[in-house]
Amino acid sequence: MNEQNLRELLDLVRLGALPPERAVARLKHLPFEDLGFAKVDHHRALRQGYAEVVFGKGKTPEQVAEIVKSMLRQKGSRQNILVTRADAKMFAAVRRANAGVKRLAKFHPLSGVITIERSREITGKGQIFVVSAGTSDIPVAEEALLTARAMGNRAEHLYDVGVAGIHRLLEHREKLTQARVIICVAGMEGALPSVVGGLVAVPVIAVPTSTGYGASFGGVAALLGMLNSCASNVTVVNIDNGFGAACVASCINRL
Amino acid sequence: MNEQNLRELLDLVRLGALPPERAVARLKHLPFEDLGFAKVDHHRALRQGYAEVVFGKGKTPEQVAEIVKSMLRQKGSRQNILVTRADAKMFAAVRRANAGVKRLAKFHPLSGVITIERSREITGKGQIFVVSAGTSDIPVAEEALLTARAMGNRAEHLYDVGVAGIHRLLEHREKLTQARVIICVAGMEGALPSVVGGLVAVPVIAVPTSTGYGASFGGVAALLGMLNSCASNVTVVNIDNGFGAACVASCINRL
Amino acid sequence: MNEQNLRELLDLVRLGALPPERAVARLKHLPFEDLGFAKVDHHRALRQGYAEVVFGKGKTPEQVAEIVKSMLRQKGSRQNILVTRADAKMFAAVRRANAGVKRLAKFHPLSGVITIERSREITGKGQIFVVSAGTSDIPVAEEALLTARAMGNRAEHLYDVGVAGIHRLLEHREKLTQARVIICVAGMEGALPSVVGGLVAVPVIAVPTSTGYGASFGGVAALLGMLNSCASNVTVVNIDNGFGAACVASCINRL
Amino acid sequence: MNEQNLRELLDLVRLGALPPERAVARLKHLPFEDLGFAKVDHHRALRQGYAEVVFGKGKTPEQVAEIVKSMLRQKGSRQNILVTRADAKMFAAVRRANAGVKRLAKFHPLSGVITIERSREITGKGQIFVVSAGTSDIPVAEEALLTARAMGNRAEHLYDVGVAGIHRLLEHREKLTQARVIICVAGMEGALPSVVGGLVAVPVIAVPTSTGYGASFGGVAALLGMLNSCASNVTVVNIDNGFGAACVASCINRL
Amino acid sequence: MNEQNLRELLDLVRLGALPPERAVARLKHLPFEDLGFAKVDHHRALRQGYAEVVFGKGKTPEQVAEIVKSMLRQKGSRQNILVTRADAKMFAAVRRANAGVKRLAKFHPLSGVITIERSREITGKGQIFVVSAGTSDIPVAEEALLTARAMGNRAEHLYDVGVAGIHRLLEHREKLTQARVIICVAGMEGALPSVVGGLVAVPVIAVPTSTGYGASFGGVAALLGMLNSCASNVTVVNIDNGFGAACVASCINRL
Amino acid sequence: MNEQNLRELLDLVRLGALPPERAVARLKHLPFEDLGFAKVDHHRALRQGYAEVVFGKGKTPEQVAEIVKSMLRQKGSRQNILVTRADAKMFAAVRRANAGVKRLAKFHPLSGVITIERSREITGKGQIFVVSAGTSDIPVAEEALLTARAMGNRAEHLYDVGVAGIHRLLEHREKLTQARVIICVAGMEGALPSVVGGLVAVPVIAVPTSTGYGASFGGVAALLGMLNSCASNVTVVNIDNGFGAACVASCINRL
Amino acid sequence: MNEQNLRELLDLVRLGALPPERAVARLKHLPFEDLGFAKVDHHRALRQGYAEVVFGKGKTPEQVAEIVKSMLRQKGSRQNILVTRADAKMFAAVRRANAGVKRLAKFHPLSGVITIERSREITGKGQIFVVSAGTSDIPVAEEALLTARAMGNRAEHLYDVGVAGIHRLLEHREKLTQARVIICVAGMEGALPSVVGGLVAVPVIAVPTSTGYGASFGGVAALLGMLNSCASNVTVVNIDNGFGAACVASCINRL
Amino acid sequence: MNEQNLRELLDLVRLGALPPERAVARLKHLPFEDLGFAKVDHHRALRQGYAEVVFGKGKTPEQVAEIVKSMLRQKGSRQNILVTRADAKMFAAVRRANAGVKRLAKFHPLSGVITIERSREITGKGQIFVVSAGTSDIPVAEEALLTARAMGNRAEHLYDVGVAGIHRLLEHREKLTQARVIICVAGMEGALPSVVGGLVAVPVIAVPTSTGYGASFGGVAALLGMLNSCASNVTVVNIDNGFGAACVASCINRL
């Protein structure tokens, strides 16, 4: 249920078509429909304009499928649905249990994302650009890209433009300046957001990745690099959190 | 020199009033006027729309005064000037060396910020709200507030609304929802951005502070808390970086 | 053997039914009955009023079953028995080796706890309330819940009330104020205990969990957040230590 | 204003002596009397039964004196007042600015605590025992002791009983068993709470201290030791947080 | 080749039975007999009086068997042979490849140690006592025990005497005072060496173990606790390094 | 009071010259003579054969002088007295307050040690050798040297033999082999104990120092290096703990 | 395409045999031939004189084979090809997909390196010497050795010369002094580069390895040791980065 | 005494002008002339071709002056002398105590370096280029610059070219390609070496600096960034170690 749905519901109330007490009941009911193992928070869309999202990791395929089913059951909702940190088994379970959206559901193995695209409406005002440094940063970058799109944004990507080959990045400088928000995904020394941030005048959301070995400490080196960025339009989200970066970017892109 | 100045210069070129070669010379000259110890980057305003900023810490009062003088020398520029991490001695030096702006220059001892307000133009589209958790977070919050204002934003603050007294924050819920960007400053467990992020639908820039003792590890506890925020509209900047948070917020507020 | 058992034994001595020397012998014998790989400490119940507890992790199913058997052999003891960090194989081994309690033994797969409930006596004075933030904190919360019950407490739970949806927690505010001790289980930023602590006047035992990824560092972010809680009725136990939290809560609840 | 005060106020309402609207006004007014730099939270006493407390560190002597004055202005309140992390200058300022309590105000230089004892009422049910390991742990232990007493508890101490001279601790075993709550203060390896916890059946609040050098890492060694305590009645507060330990202990002692 | 062997060789030289040049050749040859993947250092026994030791972890069963074979080939050597961090496959390979010592070779699955006892000579002057805290510390303690014995020491053990049940340790106080060197193995808070160190006047070698979870950080908590021990006869070796502790203890016991 | 004193006391008892109850009373009295701020533990000498030691850091000059006075008051004791981490003011106070030992008291400014040498008896069996790597390690090395001597050992030193100039160390190889115990003091990479350990067959006590900058992290680099030493006769004490190293060395040297 | 190839291409241009526009096209085309998942950077050889290198870890065998195929397709290039962090499956896939180089391709299981040696030209001026400390450091050392050779250097190795047996290293001192650059691979305390650095006058590239356990923290101990080396001709690369060390060494060896 | 001096000495021996035994005596004498607190290692110049260097930090002005005097006393030596981490007082002491070089001695307050330039001979083959990112990195960069020059290298610098203003660095690209070795000094995110490394084909020595605040952790962020550099011609030295970087660069520049 998003803001649009809420307004429709309130209009029904205003028009006398829905008695207030039933409106209250439905509102109260919706956000806490209890699945036993988790409360699906349908209010979140209302509060933050997001797609419906399930964090797959740590859940069984059956749990994931059940949560998706509950999301689909909500009347009037046409939000896109996203399962992050998913795998092929979860995808199979989702398709089995939700025959109605079988054709809409897609699995993106690189990033482990399942998308169920029920709406193609673009609600973001400008373009979100996802830039990543190395081959091994692509899964996180793709998670960001798919999330941004599912949330109603035009989103493009530019992969494999690490700072040690600065000319590759500079070739795309013009493209960069057309974005309204940039998501910058990098592991190792995490220097990309500083360079990108210096080239543009829009906010840059930096996502450290856990790629690398030894003194990369699972992404800590990149995280610290980004927090200490000398470019002042850079903010940071958690390591590997492509989803979170896209949420913030989408949130900014609706302003 | 900001975007406005650049356009005027280019118009002069277009009108034939300024030969291209001199335009080039001036553009080239401006950003690298050399002060011996640091290159004042006048281009930054152009690229990112910022006020002119000096990071005071580690510089002598004389160096600070000299850099400010150089900024004031730039013709056509009417940018506000900000010195962060400054002290009373720097302020005295700045006033001594720059008699022309003596009355504009103000020192804010709580946050150690010097402001020289040459322009009151509001260029940000909405309001930036600075929220802080405890008394000892106020210096960082004030740095953010003054920076946001110097960069042409309407900015308000709400201090001392820690999560252990959640009713105090909730009383101001309506105010929060009127902001276009929120800056959230907190030390200790750094939980405020998560709660605030859950109450609003706009981006929340979280600033951890180095307040606290023992296992706060100079702000690391708050930093980690914010990076792991369960609210998905939260991004993070470096510990005590009120200035940086305001830069990003201002950058978003111009979109 | 708990305090009750000891008093009965001493009454026998007082009444002449048990010669002191044999009483001594039995007391001495009980706590150190040697199983080869571990000394089951039957004295602990006496000293601290706890159920008999086995920490399953790192032991073979056979070792676990053998320890349980030894606990059951103790005459006069009617303590509940708890195996934490157990799995289905351990459960099978326990049932095989201890036919007498086959029907009492239960396995709780979510938390990996085996319970053998031999007593339903309630010895705790008030109610222990277990609150947890996210779906993935439930296993630790359940370990706490089952432990608290096995130790003779009335214990209830409230799951999935993270601080980014503060209204969900506030809806249950009244329930919270009825507890005598609260156990608060949270991963990620670990902010829940601060908010809960601010709402109640009773002790809050905070349990950080190792959920999350990246900069959660296996629960360290939550742990630090809790140690720096701005609510002054919060104390902390080790990461994922639902069992320990329930021990302390039970200990407080008997005062 | 504590619970007692609130009940009296509500009785006045019940008896018709205080119109509800004025009761509301007073309640609303009290907790947010604004001092400019910090909101003194008079509600906290009501919610948690604490003394009025000021955290002195980072405040000027004048700020501390002003906050104390505001606390004293509250009509009907007879709470004890405590300033922690204070120094001699703060003490002088408090006495200067609050002539009425000059004789009640005391400074404890070892722990840097200022106490203003306005009430000697004992509201805690049992005794709180403060045990500390080495000479250099005494300041933190004293902070805990004074806080516990100011909050209406009988509180005793036992200093300098480190685990390397275990006989000294064992000599006092009987005393320990008479406590209702024990606060255990230790630096270095932080082993004292484990040993004490094994000797008693009541809750042990462990406070790591920042004493030691080298690999003590400012109290981290002791903190980790306590979090990993093999005694299951031990919980932990932040490094050097004697005040917090006493708050929790007092909170438990009122149950 | 140990000191004894060397003296015999030199006696042969003195007696004219071995020409110096051949003595030199043999000495030179022995320590560097090259196995392709590692140089077996036969000199080590000579320099430090140790048994022949292979660190199994990271080697293939075939490599381990080959190294053992090379050790056995050395004429005149009667040193005991020890393979640490071994597994059943390595043991099988050792036995297959070294038929001559099939009956001497033993595998100790708890600690993963293979022993080949070729000499029962006791060269240590007193007794080495291995004390450990919890059940899960036993593997490391056993590695220490077997190593100490293989190096010609009388060595006894005392398991499961954690500090939270201090009476169990105190019951064995007399035994402890009979040791010439004590090895103290403990995980979690690592407090045992401090208590033991306070009870005896001999050196205590502390071995932290990686048992525990959460804030034990793989043995770091115990390591720091031991480094900060308040008992001044305690020194520390690496986490889980039961072998190293026994080497030092043996080295001390020969003085 | 050391073992010698105790035996004399017990002989008096045996001879009938001292009634047991008075012996008990004296024994009980001695170790806990209360100075108000610390219990001087006279038993420690008895238990561990140490000199009387005061840890100066964090104490006032008056406290130090008072503790020394109490030590001197003990009849029959002729132990050497040591104050570590002291300064010139403490030394002056000690001399003022203890006129009787004015001439025996010496201050060693390099290491900040005060010695009061009342006995020159050598009780250690062999020689303790203190080896240090760089100029800045000398203070810690001197603390170890003075402590070892005060405890009745012959102790020599060899300074400034870092591993990057290995020939300097090798020149002294013969000297090293004459020691019964070696104390190895090093900062930076902490490699010296490994090299020394490989050259000798006696125990090596490694002391990391906090010298260095940047990634030395106050001695952590050296500490880790020593804990991971590839020489198996090396054990480690806390950073800068020259005193502790000498205690252990002395303890070993009495075996 | 290396510098040689580029010069030939430019000569063609100079001679009129290649129209500039086509030269540009070819140059532009080469470095960005897109494989879908990664941009193979053929420019790198030109810029840095390296062999063509694929980092195998995290790629599928098919991806590796495809990248190698693309490298082989480049006309005129005769660079050696290297796949690091590879396994047997990748090797099989590379051979299947690139029949033309089947006989040139070799797999080195110890270090997981695949080499395709297309050129034996020696371009480095002197010898690169790879020295390693323990058996378990050999894989990293071999990666360095193979990389150095593939890049056109004469490279030799010296394995198993740890600092605890310093005589083994000293025996090879003369060899060491013949090297032009030394790569020093060591885990545990990482002391080898300091000792080697003190023996020679050429640059020493130190590579910490992740061998060891406990407080080696996956190579951090060695890394810190090397960063704090007291030898001033030592620089450091990331943990286990034998490849990187060889790149730098090769880069130096071409000067 | 450098290699040149040694050859002259040996020539004297060859010519019969210096009896071998006296040559030996002089060689032996020189490197260990004892100053009481430190052994000045005159051999180092011989082994590594360095200037004579004193690390000033932690030494008294008198000690520094004395060491310099001893260096000047060495006959035949014409090495430049360098005191790093010095201050004005040390400089005054050096001039007072060494009147003969009063005019040669210079103090560089920015970097705290004292130079005594006795030789202007250029022995390095190419140019060393020192590049730094921000104003606050200049002290470390200057230390590197002065050290490189004192060691006989042509050395130039390029300051204030951070990666967030990438155009400033690119403007100097040609200059960079003329260097034979590059020293790259940067704090904050430490990204400069990666970008520079990608632009050139020569070795880049990266020096992290301790500038920055919060999550820069005293240079750790920059250090990790550099260790994880995606440019493969980058190696790293300790935080703030401008001196060490210049030593390595000089060492390479002599090859």
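Labels for the chains are A, B, C, D, E, F, G and H, by order of writing; each one numbers its residues from 1.
Assume a contact is a pair of C-beta atoms (placed from the backbone, for glycine too) under 8 Å apart; a residue touches a chain by one contact, two chains touch by 3 or more.
Since the structure is predicted, the reported quantities are computational estimates derived from the model, not experimental observations.
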item: Where chain E and chain F overlap in contact partners, by chain label; value: D, G
item: Partner chains that chain D and chain E have in common; value: C, F
item: Winner on C-beta contact pairs when A-C is weighed against C-D; value: C-D
item: Reference chain D; chain at largest CA-centroid distance; value: G
item: Fitted rotation between chain C and its twin chain G in degrees, CA, nearest 5; value: 180
item: Centre-of-Cα separation between chain D and chain B, whole angstrom; value: 39
item: Centre-to-centre distance between chain F and chain C (centres being mean Cα positions), rounded to whole Å; value: 45
item: Distance between the centres, which are taken as Cα means, of chain G and chain D, whole angstrom; value: 61
item: Junction residues of chain D - those touching two or more other chains; value: 165, 198-199, 214-216, 220, 223, 227-228, 232, 238-239
item: Interchain contacts, given as pairs of chains that touch; value: A-B, A-C, A-G, A-H, B-C, B-D, B-H, C-D, C-E, D-E, D-F, E-F, E-G, F-G, F-H, G-H
item: Chain B residues within the chain C interface of the complex; value: 133-134, 162-166, 170, 187-191, 194-195, 197-199, 212, 214-217, 220-222, 224-232
item: Complex contact set, residues of chain A against chain G; value: 135-136, 138, 159-160, 165, 168, 211, 213-216
item: Chain C partner contacts - residues on chain D that touch it in the complex; value: 47-50, 125-126, 180-181, 198-203, 205, 223, 227-228, 232-239, 243-245, 247-248, 251-252, 255
item: Chain D-touching residues of chain F, taken from the complex the two chains share; value: 32, 37-39, 41, 43-44, 57-59, 208, 210, 218-220, 223, 238-241
